[in-house]
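Input: structures, listed below.
What follows is subunit A paired twice: with subunit B in the first complex and subunit C in the second.
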Partner chain A sequence: MAIELASARYRYAGSASAALGPIDLRVEEGRVVGVAGANESGKSTLCLVAAGLAPGVIGGKRDGSVRIDGADAAALKPHELAQRCGILFQHAATQLSHSTATVFEEVAFGPCNLGLRIPEVVERVWAALRAAGVEALAARDPGRLSGGQAQLVALASVLAMRPKYLILDEPTSELDPAGTTLVADALTRVAAETGAGILLIEHKTDVLARIADEVIVLERGAVALSGPAAAVLADPRLSDLGVEPPAAVRLERAVRAAAIEWSAALAEAVR
Partner chain B sequence: MTALRVPHRHASPAASAGEPADSGPSGTVGPPPAAGRPGPAPAVPSIEFETVSFAYPDGTRALAEVALRIEPGESVAIVGQNGSGKSTLVRHLNGLLRPSSGRVLLDGWDIRPIHVARLAGLVGLAFQNPDRQLFAGRVSVEVAFGPRNLGVCGAVLEERVGAAMEEVGLAAEAGTNPYDLGYSRRKLLALASVLAMRTPILVLDEPTTGQDARGVARVRAVVAAAAAEGRTVIAITHAMEFAAESFERVVVMRDGRVVLDGAPDVVFAEAAWLELRASFLEPPAAAVAGARLGLGSTPTAAAVVAALGRSRG
Partner chain C sequence: MALSSPRPLAAGPVLPDYVTRKPSGFYRSLNPATKLAVAVLEVVAAFTIPGWSGPGLVLAVLVVVAAASRTLRSLIVIGFAALPLVASILVVNLFLLPGASDPIARIGPLAPTWSGLWFGLMTAARLLAFSSAVALAYLTTPVDDLLADFSRRGLGRRGVFVVGAAVQMVPRTIERAGEIMDAQRARGMDTEGRIWRRVRGLVPLAAPMVFGALSEVEERAMALESRGFTAPGRQTLLRVPPDRLIDRVLRWLAAAGVVAIAALRITGKVG
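Then we have the complex of A and B:
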């Protein structure tokens, strides 16, 4: 089972040119597929298309196919999509409902709308808050959180839905290094324990190096590089595509550029 | 609209005349130039936080007796966990926040009596979230707003606006609506609108967040250019590589206090890792690699290469 894009192409309503595609992509259960690329290369559009929100909710025109567990994403109703794909938007403010008094209620909002029994909602909310490391914020007003806290609460609200696929648009952009590590570990755990498939947009290639199985790099809406994470992240074309290579790769390049041998000891030291 | 780019009409030279802070010893904090003339660039003042504490109205204590002196022309990265007080600290520099106790001094003069409109000519602050800063209908108007309110006009204004847009790579977008730009370019626009004010002190709150490799390179170039001109540059960042590579001094904050302060090779040296990790930070990969190889403190890739060269040569 998987999210599968085949020759998918998308243009926004009112736009003359395609923002995305043609693109082929497969996100299998239990796998983490990383997406990198320069700003405005189509990463966020890919999220909307893979989640079935474009064109299903926001309009526009799609060609090619987008299938979620074999079903055409365009044919799925919003509540069916919501139970299959959880999407975390780039900005937490877009995500939060602005209709709840506490973080706990905010995270409970989705599961309640699934019609789950209260004990299960409560169990899911605490598990999600724990996974995102924000249990301590449960009683806080969601409208009065820092950027990093809001991002973690938004992530918890997606995790509480326990979707089969998670589509995450820069989930660590506002986070400090500890928060970034926490999210990376949480996603690895979610993929391993629940078998969720994860599509992860991320500028921080060190995060992708750590948790992604595969990585694709977008350029002007199309796939410029794809393959196993380690190979793509060490590709010499990465910088030209507007993506900063992981720290270990940059260090290796600097050493080689100085005509110093890249020894096994050096390679071991940057692992 | 931001308070840091307060319209000039709010500044009242008469109201502040005669106050001790009205003109500093070197005239740095002196009266603004007459309207229409930008006047000579003001000298770069030193900054001193004198046991500054701050609590928000809800009682959250964000700064606890911070003592920090920044000399004119220094480039300083401020790092620390979310909520450690970094943004609160820099907002004291342009009067957006005033200390609950303690003093903030520019060239030895307490800034408390100085109106924010006056401070705006000395301290340019680019917000973490550009959408709290942008309001104009066109990119060029947005960039011109700050310097115009400092009394800059005519060809000088045009030159400054053009140069600032060029510096962040938005020269081709002069007529674009800021909200038609993606988030990362709105963030560069917010940076340009502060650069155009040519303030002697430049403060950037998480300038590389959400930027791709090209955007990060532009921010690095902005920091290097401002430092080369002798301006003071202060940046809050979560990117340790950026802190180590682009700044001569790194200040680590935790729970509203400064817990480490020094050159990158001091703050990221192995001896400081315990303190760094207690602050939920990790040293840059180059520092870790250097320590494992016994090369001493190597906070940057360049430092690793130099140390390897020495050890082999």
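Then we have the complex of A and C:
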């Protein structure tokens, strides 16, 4: 069971050239696939295509195949997609419904749309709030949260739909270091506890180094590098592709450049 | 950034109190449909009953109800927000009312008239009554209660959601306008001082505001889809606003009032 892209190529409506592809990608349940790349490399487009929102909701033209657990994403209705594949965007403000008075109701918005019975809605909401680490915010007004808190509430809202796959489009891009740590902690917990397959687009390679099992690097809509996270994030070609290596990798290079011995103990201490 | 609240909340299988909350006060606890029906009656009365009695009576009722429901201050703020429109109505009628021939004075080619002033003031009062009636219904009705009531009555909630969410987005839009203004100031744009400088400062604000809002709309639409907003079937309602006997009586009275005013107007007994 997986999200599978095979020779997938996508062109936005009104655009002459493809923004993505052809690309092959597989996100299995329980695995975290990180995606990095320079601006305009096709990362957000990959999110929309993998989630079935492009062309399903935003139009455009797609070639190749995108299958979610074997079903053609184009054949699934938006609410069916939502229960298989949850997506979290960069801006927390656009994620929230702006129609609820408390965080609890905000997270319940999705399950309520599915017409679930109230006990199941309540159970899902508490589980999602717990997984995202924001149980204590349940009674708060969603319009009065900090950026990191709002992003975590948005994550809980997606989790409450119980998707088998999560697609996260730079969820920490608007956050300060404290907010980034909060979201990264929550994602680590979600990956471990829910067993969901996660496609994580992220500029901050430290977050990828911590969470991802595999990493792919995009360049002009195509895969330029792919493989196990540690290997890709230490690849010397990373900087040429517009991606800053994680702090640990940069530190190791600096230490070696200074002719200081890089030991396993030092590497562990840096981690 | 702290994620803990002062009082930890217990998780459980039932809805928390802050979700099942009941509005306090007579007017606030009326059913949303009742408040809308009353607002419709007020608008019809303000615009149909001739002279000052229509808007005067409606404004008097609104002030009393707003004071009783503790929304008078917010209503006054909304009234001030309508001042530019009120001023423009006054100016246009003062100088350009067709057929007016009772000049107050002559200012070059312009001749403000008493009938223009009178008509402008009355139109402004009607407009104020209209905006206050709608504002009072909004201020005393949470958007989610309105949505729940519409869902229960089997009415399309998409329209209500769009309007409700748009109103809830106003603070975010104001915040973003401030951010853009600060950015323009940082780049040397003078937005202080004389009125014409302030107006000139609005020009570079418009494009980022409009394009930013448009791009947010697409992301919001996708976020809603990913939370099952368009799922078929009835949505689960966490809290259903009560619809008591007093609500039904008030709605019938409001409907009868609208019909009576229309009948009196048609038969020429008023106006």
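Definition applied: the second predicted complex is superposed on the first by the 242 of 271 C-alpha atoms of A that agree within 3 Å, B and C clash if a C-alpha of one lies under 4 Å from a C-alpha of the other, contacts with A are read in each partner's own complex, and residues count from 1 in each chain.
Heads up, the rule we're going with is that contacts are C-beta pairs under 8 Å (C-beta built on N, C-alpha and C of every residue); 3 or more make two chains touch, one makes a residue touch a chain.
Note that the structure is predicted; figures quoted are calculated from it, not measured.
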{"item": "Touched partner set for A:265, first subunit B, second subunit C, both or neither", "value": "first"}
{"item": "Partner chain in contact with A:148 - subunit B first, subunit C second, else both or neither", "value": "both"}
{"item": "Which of subunit B and subunit C A:83 touches, first, second, both or neither", "value": "second"}
{"item": "Partner chain(s) touched by A:139 [first = subunit B, second = subunit C, both, neither]", "value": "second"}
{"item": "Touched partner set for A:179, first subunit B, second subunit C, both or neither", "value": "both"}
{"item": "Subunit A: partner with more touched residues, subunit B or subunit C", "value": "C"}
{"item": "Subunit B and subunit C footprints on subunit A, overlapping residues", "value": "91, 146, 148-149, 176, 178-179"}
{"item": "Subunit A residues touching subunit B - in the complex, by the definition given at the top", "value": "37-40, 90-91, 146-149, 170, 173-181, 203, 206, 239, 242-244, 247-248, 250-251, 254-255, 257-258, 260, 265-266, 268-270"}
{"item": "Subunit B - residues contacting subunit A, complex", "value": "80-83, 128-129, 182-185, 209-216, 238, 240-241, 280-282, 284-286, 288-289, 292-293, 301-302, 304-305, 308-309, 312"}
{"item": "Residue numbers on subunit A that touch subunit C, as the complex places them", "value": "48, 51, 53, 57-58, 77-79, 81-83, 86-87, 89, 91, 93-95, 97-102, 104-105, 108-119, 121-123, 126, 130, 133-140, 143, 146, 148-149, 152, 154, 157-158, 161, 176, 178-179, 182"}
{"item": "Contact footprint of subunit A on subunit C as seen in their complex", "value": "1, 3-5, 8-9, 11-16, 18-19, 142-144, 147, 161, 164-165, 168-169, 171-172, 216, 218-238"}
